[in-house]
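Step one of this worksheet: look at the structure below.
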Amino acid sequence: MDFKERIYLWEIVKGLWITLRHLVYNLFHQRSMPTLHYPEEQRPMPARYRGRHRLTQRDDGSLKCTACMLCATACPAKCIYIEAQEGLPEGTEKRPQVYNIDMLKCVYCSLCVEACPCDAIRMDTGLMPPPADSREKFIYRIEELTKYPAIKHPNPPFLHRCGKL
Amino acid sequence: METTRRSDPAPHQGPPPEFSRSAVEEINRLKLRYPTNRAVILPALHIAQREFGWISDEVMALVADVVGVPPMDVFRCVGFYTMYHRRPPGKYDVQVCTNISCCLGGARKVLRKVEEKLGIKSGGKTTDGMFSLQEVECLASCGTAPVVRVNDDFIEDLTPDGIEELLEDLANGGELREKQGIHLRGQGAEPVVSKDLMSEGIRGLEGYRKLGGYQQAERAIKTMQPPDVIELVKKSGLRGRGGAGFPAGMKWGFIPKESAKPKYLCVNADEGEPGTFKDREILERTPHRMLEGIVICCWAVGIHTAYIYIRGEFAKGAVSVQKALDEAYRANLLGRNILGTGFNLEVTLHQGAGAYICGEETGLIESLEGKPGQPRIKPPFPAIVGAFGGPTVVNNVETLAFLPAILEKGPEWFVGLGSPKNSGTRIFCVSGHVARPGLYELGMGVPLRTLIYEHCGGMKNANKFKACFPGGSSSPVLTEADLDVRMDFDSLAAAGSMAGSGGVIVVDESACMVCVAERVAGFYHHESCGQCTPCREGTGWLEKILHRFEERTAHKEDLELLVNAAEGMMGRTICVLADAAAMPVLSIVKKFRKEFEEHLSPGKCEGWGD
Amino acid sequence: MPKLTVDGRPVEVEAGQTVMNAAEKLGIEIPRFCYHSKLPVAGNCRMCLVEVEKMPKLTTSCTTPATEGMVVLTKSPKVKEGQKAVLEYLLINHPLDCPVCDKAGECDLQDQYFAFSSTPSRMIDQKVHKPKRIELGPTIKLDQERCVLCTRCVRFLEVYAHDHSLGTVNRGDRAILTVFPGRPLDNIYSLNTVDLCPVGALTSKDFRFKKRVWFLKNADSVCTFCSNQCSTVVQHDEGTIYRILPRENEKVNGPWMCDTGRLEYRFINAEERVKCPMVRRDEGQERTTWREAMEAVGAAFKAAGSRAAGLASPRMTNESLFAFAKLFVETLGSKLAGFVKADAGLVEGAPADDFLIKADKNPNTRGAEEIFAAWGVEVDGARSVLEAAEGGKLAALLVMDQALLERVPNRERWLKALAKVKFVAVASLAENELTRLAHVVLPLASWAEEEGTYTRFDGLVQRSWRAVPPRGEAKDALGLLSQVAVAAGKQALPLVAEAVFKALVAKVRCFGSLTYAAIGKQGAKAGSGAATHKVEIVNLAKDKGAGGAEARTW
Amino acid sequence: MTIEIPYIAAVLKAIAFPVMALNMIPVLVWIERRGSAFIQNRIGPNRANIGSFTFLGLLHPFADAMKFMFKEPFRPENAHPVFYFLAPALVVIPSLMALAVIPIADHVWVQGHEISMSVTELEYGIAYVFAVASIGVLGIAIAGWASNNKYSLLGGIRSTAQMISYELSLGLSVLGVLLIFGTLDLNELARGQGALLWGVLPKWGVFLQPVGFLLFVVACFAEANRLPFDLPEGDSELVAGYHTEYGGFKFSMFFMGEYVSMVTLASLIATLFFGGWQVPWMTTTALDAHLGELGRTLSQIAAFAVKIGFFLWLFIWVRWTLPRFRYDQLMRLGWKVVLPLALVNILVTALVLLLANGF
């Protein structure tokens, strides 16, 4: 640092000048500021945005999930809890009885989606979990996980090979 | 491709089944003929099927109860052997052989005709219950192909018109009559076995006696010591005619002289190799020659119990052999104190129930013991631990039938008939595209060209020769370049093939080798016992890949895959069935690669020339 | 004693041993499906192929006898190629439904595929489909598609359980494993077939879909269902036990175990267990705190003085029994203590057999006898307690294990006598008649929730580790007994099992100089040299050769 | 009239001045938030509304105030029962008290009474400001200690050390000005800066004492605990420093204290170095002549407002420009730079004065 820099003052003035420039510029260009007036204005979700989980269903409305627990195994936050049961005679051998995701624990890494061999879980609702006033309400059960449809994209996100076991 | 499982039965209807008195008595009599109850399962099931028409779950339980074995043992046999009906067959059970020789002879056309006529597919049954249709594997009537078996009767030398007539006749209440073609077509200068086949009236004991029958057996027991007999047979160089060509005398020599457990002789009359139909002829027309061979063998090895394991399909052969046995027993040629010599020999006829693998010696032993015919691990070899735990000799029918003549005329004479180290004559079963298919008893060293062009009258319709299985469908194929090979064990082995059971299947240029390979693979897929992994899974895979070639939906990589899949099976299983499945396919792919490559592009396959 | 070399390393094996045995002796791993050291050899999976010098083809090491001078290669390129081929064939028709297959994670086929093949499938044709989800019997479900037809299960049932209900039917790739129609597999040893199954074909209905195996943690334990004391592994996760598997112990159970023992964990997980102390008030039992309960117990025992008595259970560990005897003889100064022996005739379920199950359903009868004798408690101490109770001479009684009286012949007499006792405290797992007449019920930890040792009927001392924490407020026996001592105004008893065991060894002669380290996982006997129970190895020749005899004896 | 005008005026001033100062807080908060937002290319608070009017986000500070007032008052379990509550008051009261001597215009005459435009006019005014302002640090230290929280305690300790370091410089740096004008009375100081220097420049302290001015501004920042000197709070290191455990109204008192001291310090800077209420180049007499007394007073108030407005803005501006010092840097600056410079500055000033005015 040379002397000019060591006494700071000039540097401080330079700094002040920069911030002032921003201030003044923005004062007169408020419209071009990048801020969005959420929730009135919303940015379109990117195709691979990781929102709330969704359990996909077959055409007949049954869950694609076979309760293989690979998602629960892959989950780094241990937020997925599954209890399996015998499948229906016409369906897969195994199906979930309980499928809970604790949204408070979830880190939205989407490893569960990657681990799923059946394309049974996706994070394509584009939704964030809404606030709730108890921990209990952040545990999403099958009903919540099947409630929301996927957001539509012009180009669908990558699709897994759907396991026909 | 067969997808139905034999274990899936039709539901049982009506009151619980009960055996008739005579059936129970018969079963109880049978129990005395075997050291274990379990061995009675197969015969008992035959009796049950005769009584009830088919084998329901309840019948299985009944059989288990009467025989005195766990029901599972019965179930395993019913599941394993194809001849036990798991659902009621029609009044006429039409079994169309679609193995190679028959297919070469136009069996597909026949099958299509039957399907069209009856309006059912293989495995089906007409609504009126008159006919049921099955596609079956080789019925040992290759020289008279195509063949259809209706119930127990063979209708040979069929044509599509012929089958149509037959079915109409049967449908109109006509009587079922067996129609056999001509089997024996020719013989060399000194026929040994086939001379009987030519002479009428030989079937009975009297006829056989007239030709000097049983004199050699009597001479052996009365004048020769067992080791001398073995020595003589060794000297004659008689090699097993079943397939492997193992010297018979040497095999006998392996049997321990003293054994805590009884020793057994198992006669391998389970002739199942596609292209082979010689034993059937011997069994039906000269059973006494085989019986004499049995007596000689048992004397030589010191055996007192022999079983003739006859193929289930050979109903007529079984009748003929049983008749011969009864005659022999009556004449004290068998049983206790034979001809007053103090030598005891009990011979029992044991019917198989439709499993190619029971032609393998340990598979045969397992089957004889009342188990599924799944080959055993060797060692121990049957000569040490065989049937019912005792030392066991397993010999082919034809091999045994040579014995009386060898004893009569001496080993040197026998050696002179063949080529070096391959002494004697053998019965070649020629089928496929030759002018005169049939049985030919010729010296072992006869060249293939001579066999086809001189004895068999050349190729059918004077077509061009394309390929030939020299020893049944499990032998690698020979091409035109190999036509001069001698048909003995060693020469064929040197030519990269094998003499096998003597079933020579000739293929002319009209046939598609891909289809031939597919058919061969299909047969082994059907017959794999399901024990060893590579064979159980590999045979089916081979068929599926070849099927795709036939359908022209195969990919370029499939050729390599096919070779790979076949090579992977070889030498990695308990018995050689996997090798038998892989070898012909490999040889066909190797020698007719171009045809496979042609099948990669879309087009129409000539298939079986029809 | 043939000498041979395997992978260049010399080894000497006993005559009659196979190449597989020789390789195992050297610690060389050879993959296998059908081979099992305790079963007759079948040699059908063809996975254990090895190359033997001077043999043209690869040969299965499980069937090839080791002979003098043999040179065996287990990792040559030829062998590797063979293993790869066999695995490829195995997987041709094997459904790839690992995600829903319960075996995934402990599946031999999975493991060996990754270890010896790891090549993608070339099979593009339709697989052979077979029935799935078949109820094979009350304990087992079968998936015929997954079955690799190794016949381990069939062989086990035939050889050990003398049960011919399983078998392979049909041939070729249509072959299936099945039972005779309408005759389910119902055998007390049936679940061993699930352990034996190298794939997910046979699955235990009890464990099916309960947990993926990779979540499970293991705790070595001892089965307390009967006095055979099979060595077990308790598999648990998050405080809940999911299954019990046999742990290989040549001296005790080999690798086998009975179904009853396997399902014995259920009562530990049960919701109906006594989870907190209870006190009898006017209208029956009421929940209370440990403090209050112990105050009541303390007051009663203080007042009782030498009229206090105790009943121990031969289901308790050696350590607990020792502490129990110490509590009464030394701390409380009462000689009225004993343990209640079970009467075999009254036990429900399987009677004794010649394989594993023993008549005495209490695991530690011998230990109890030895320890009580060392403390000078009379052999028939329980009878004295009973008589004293009948005479109204007892002021306070501590009963360990509520199930104590369920297996005695004179049960009614006991209950009547106990009703006369002024104060009865019952340490209990569950509620029953005995706890209902108790003044105080104390929640007791189960065998899986405490540490300790058990003495087998033949004198083998086995160690059991704690698998899960006690349910609710339950305490292990050592802790509970110590609390009683403290409540009665005496010195606390030691709480650590190992410390108690040291004291036990010092006091009880017949434990010799055993230590926890010496007992280890396989157990140890105080005196050496005594013959141990051995599971026989049945070889192929014996089985197949004796085909006839086998059918007749059925 | 029975009540004397001066008394009425004193009461009015005593009410008006703190009210004015406190009312500046929401405005300052709004300016700070919106200003920082614009500096950072954001829009800033704009959601609070009455009907559909958001008043450019001005309602947010009021909403905040409401929120602070209605939040649940609580005390951490082990906090000191008395000092915990005392601390916020100790912060906010002295900062309000310091305002008492700041004049916002020259004296006015009401019915013959001369009334100063500060709450009170003290001859030792500047000394009073320093005396009172330094009590504020006690509040911070007590808050840090009484919260029974390690972060709070650290914040309190930091604050104490910082105050010791910079209060000295603060006092020393103004000595030059005081020497020049020879008075401690802030009104006198302002009045003294009405003259012209060399007939061109207003005789403001900043021109006479540029070094003193710089040092004083630096010390002021330190005194106000504002960035780059907000080590007692140090959000990223100490959670929120001394007020970690405070919420609701108590927290808002710390908040108010900070802003009021900003006002005080800005006023001091203006008064000491920028002529206070002086309108440049226009003396009170001249303004009186042109605008009348009311006009003069209003224009002086306006001039003062502009000046302190600028310095308040400077406080905010700097905060969103500079990063926080590291603690050792803070100490080095205080003891090794500011203090020696201030001493040198006094020496030089005194020498110059001595030379200029003769001995």
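Order as written gives the chain letters A, B, C and D; numbering starts at 1 within each chain.
The rule we apply is simple: a residue touches a chain if its C-beta (ideal position, glycine included) is under 8 Å from a C-beta of that chain, and two chains touch if they have at least 3 such contacts.
In this text, all values refer to a predicted model and were calculated from it rather than measured experimentally.
No other two chains have as many C-beta pairs in contact as B-C.
Closest chain to the protein centre (all Cα atoms averaged), using per-chain Cα means: C.
Chain B and chain D have Cα centroids separated by 114 Å. Spacing of chain A relative to chain D, judged by their CA centroids, is 48 angstrom.
With centres defined as mean CA coordinates, chain C is found 46 Å away from chain A. Work out the mean CA point of chain C and of chain D, and you get 80 Å between them. Chain contacts: chain C has no residue touching two or more partner chains.
The set of chain A residues touching two or more other chains is empty. In chain B, no position touches at least two other chains.
Judged by the touch criterion defined above, the protein chains link up one after another in an open path, with no loop closing it.
Contact between chains, per the stated criterion, is found for A-C, A-D, B-C. Across the complex, chain D is touched by residues 9, 12, 15-16, 18-20, 22-23, 26-27, 30, 33-35 of chain A.
Against chain C, the residues of chain A that register as touching in their complex are 66-70, 72-73, 84-86, 92-94, 117-118, 163, 165.
Interface residues of chain D facing chain A in the complex, by the touch rule stated above, are 35, 38-43, 214, 317-318, 320-322. Listed in rising order, the residues of chain C touching chain A in the complex are 95, 97, 99-100, 132-133, 143, 208-210, 212, 214-215. Interface residues of chain C, counted against chain B in their complex, comprise 41, 43-47, 49, 56-58, 60, 63, 65, 82, 85-86, 88-90, 92-93, 122-123, 125-126, 128, 130, 148-149, 164-176, 178-183, 540-541, 544-549, 551-552, 554.
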